[in-house]
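One chain, chain A, links the two complexes that follow: it is found with chain B in the first and with chain C in the second.
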Partner chain A sequence: MALKINAREVGSAAVVDVTGEVDMHNSPELRKVLKRLVGAKKPLIVVNMSGLDYIDSSGLATLVECLQGTMKNGTKFSIFGLNPRIKNIFTLARLEQVFRICESESEAVGAAPGGKSEG
Partner chain B sequence: MTDRLPEGDAMRLVLPCRPDYLLIVRRTVREFASMAGFAPAEVDDVVSAVDEACANVIRHGYGGPTSRPLAIECKNRTDGLEVRLRDFGRHTDPQQLRPGATKKRPAGGLGLVIIYEAMDEVNYASKPEGMELTMFKSFGTERSSGDGS
Partner chain C sequence: MATAPEARQWDRNGNEAVIEVRDLVKIFQGRKVLDGVNLKVYRGETVTIMGGSGCGKTTLLRCIVGAYKPEAGGSSLFGNDIAKITPDELSELRKRIGVVFQTGALFQSMTVGENIALLLREHTELDDAIIDIIVKMKLEMVGLRDAYGLMPAQLSGGMSKRVGIARAISLDPDIVFYDEPTTGLDPIMAGVMNQLIMGLADNMRVTSVVVTHDMNSAFKVSDRLIMLHEGKVVADGTADEIRLTRDPIVRQFVDGLPDGPIPLRRSRVPYIEDILG
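Coming up: the complex of A and B.
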């Protein structure tokens, strides 16, 4: 499935909806979007993975890079919507403890000022 | 529902070693592993391992996308699935192709972690030209009926 990326604002948070499959071929597209948001010093960046079918190590490395960028900025980074397949990949990569993983968008966005969501 | 593959059946793909072919590799290997009888979570493991191994060949074996070949063979053994990847790129010391062996390649290093976690056996070997990776995953206790859903 082709990769689709949509960035939107929920309060002061930036929510990035990622749909399809992230691999070596298209992970630079995700990196470009997240790098722009990190550069803009958004108080909270949230990645919605509920539409994600696959992610490889280049996609995971992109998320790690974004996490490191937000830590450097003193801002926050969360992910939510991981289905069992995606959770398994995080486990294989030993990254399940690295990220703030939320169950829903409302939980993920709740940490941002003015961050209320319908999710 | 799909019939389970007979033991000993093998499939061989020879592809240009480019990232745009990874989707085809994942789709094809997923179907083969499902029809071999793996449970869905085990199929996911096999798909991730093969995808990461192919990406490492593109990135490190050939030093970037190329029309040169990458051969992938999947064999349905009695006890599990054997996957062989053969490339004709650069030699790498097999000892360096283990998780944590080098800090110079973060993405490739993460890929190796996934490969070793996902598969039961992983063996890299230098060939006169290129490298050969042999991986094996045994059938788990929840072997499915082969419908692959």
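Coming up: the complex of A and C.
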């Protein structure tokens, strides 16, 4: 299934909806979008993975790189909407301890300054 | 228990056969190491090939990936007949498979990190920063992140094998061939390897072919076990079917019995003839 990426604003947060499959061929597309948001120093970047069927190592690495960027900027990064299989892929790569993984968009966006709660 | 694969291209769950071996014969120095082997492996399956030392397990693996040319018969990967494709097509196909060699087979002049990054640099357009993160993830998966900057000469045998596994899965292959993945590892690390093989199969859609003597590992990770004896497939069944079989050849191997139909692999020349001249 082809990769679809849609970036939108929710308050001060940038929410990136990722749908389909992320692999070695198309992960640079996701990287481009995330790098742009990191460069813009958005206070919170959230990746919505609820439409994601598969993510390979390059996709995971792209998310790690984005997290590194937000940490350097002093901003925040969260992900949400992981189905059980995607969650297992994170666990296999031992990344569940690295990311702030939220159950819902409202929980993830709540970490933005001025949001419902500080994460 | 089936003793020969059925003439079907899909398993009962609709998964296609991604590996097919047909009437494969391989001869070394006049000895038929493989003698008409037939088997199929379906997408997402973990299949263990077992058998005594020298029974042709590793040779079979090498024939499947096109490293050895068989005397008769052949093999297909993802429906492509290995004997009929061009070297470029074979090279393209090999990007979709990972091979874990018995020894690790690392490049001695490169660091561990460089060894794992090699295939990613050769076969993808990924940025160095992304490749570096992938390398660290793969090392973490085999419990060796601290070895990132070490040279292969600084590693133990077990560590080299684990780095070899990290390298084999660097491109997220569709099929991984493991040649003795747990041999030489301590029980805890063998458990980590078993978990990794199962995790890749369950979550990353990986089809696995495991060549091993380690029956604990075989029963733990396998959907199906195939036994080779004297160059032929003598058993092909699920872990339960193999565990409960009354076939004397399989029983002797599974139970590790010194006496039985499988002869001890000593010299082919009778002892008395040899020692008395």
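We take it that the second predicted complex is superposed on the first by the 113 of 119 C-alpha atoms of A that agree within 3 Å, B and C clash if a C-alpha of one lies under 4 Å from a C-alpha of the other, contacts with A are read in each partner's own complex, and residues count from 1 in each chain.
Throughout what follows, contacts are C-beta pairs under 8 Å (C-beta built on N, C-alpha and C of every residue); 3 or more make two chains touch, one makes a residue touch a chain.
Quick caveat: nothing in here was measured; it's all calculated off a predicted structure.
Participant: Specify the outcome, clash or fit, for chain B and chain C once both structures are aligned onto chain A.
Facilitator: Aligned on chain A, chain C clashes with chain B.
Participant: Per the contact definition in the header, classify A:S58: touching chain B only (first), chain C only (second), both, or neither.
Facilitator: In the superposition, A:S58 contacts both chain B and chain C.
Participant: With the two complexes superposed on chain A, say which partner A:E21 touches: chain B (first), chain C (second), both, or neither.
Facilitator: first
Participant: Figure out whether A:I5 sits in contact with chain B (first) or chain C (second), or with both, or with neither.
Facilitator: Touch partners of A:I5: none, neither chain B nor chain C.
Participant: Where does A:N88 make contact in the superposed view: on chain B (first), on chain C (second), on both, or on neither?
Facilitator: Both partners.
Participant: Check each of 9-17, 27-35 or 261-269 in chain C against chain B and return the one that clashes.
Facilitator: After superposing on chain A, the stretch of chain C hitting chain B is 9-17.
Participant: Taking the two structures together, which residues of chain A meet both chain B and chain C?
Facilitator: Shared contact residues on chain A: 23-24, 54, 56-58, 60-61, 85, 88-89, 91-94.
Participant: Using the touch definition up top, name the residues of chain C that touch chain A in the complex.
Facilitator: Against chain A, the touching part of chain C is residues 124-127, 129-131, 133-134, 137-138, 140-141, 170-172, 196, 199-200, 202-205.
Participant: Touching residues of chain B toward chain A in the complex: what are they?
Facilitator: Residues 19-20, 22-23, 26, 41, 44-45, 47-48, 51-52, 55, 58-59, 106-108, 110-111, 113-114, 117-118.
Participant: Contact residues on chain A for chain C in the complex?
Facilitator: 23-24, 27-28, 31, 54, 56-58, 60-62, 64-65, 85, 88-89, 91-95
Participant: Over in the complex, which chain A residues touch chain B? Could you list them?
Facilitator: Listed in rising order, the residues are 21, 23-25, 54, 56-58, 60-61, 84-85, 88-89, 91-94.
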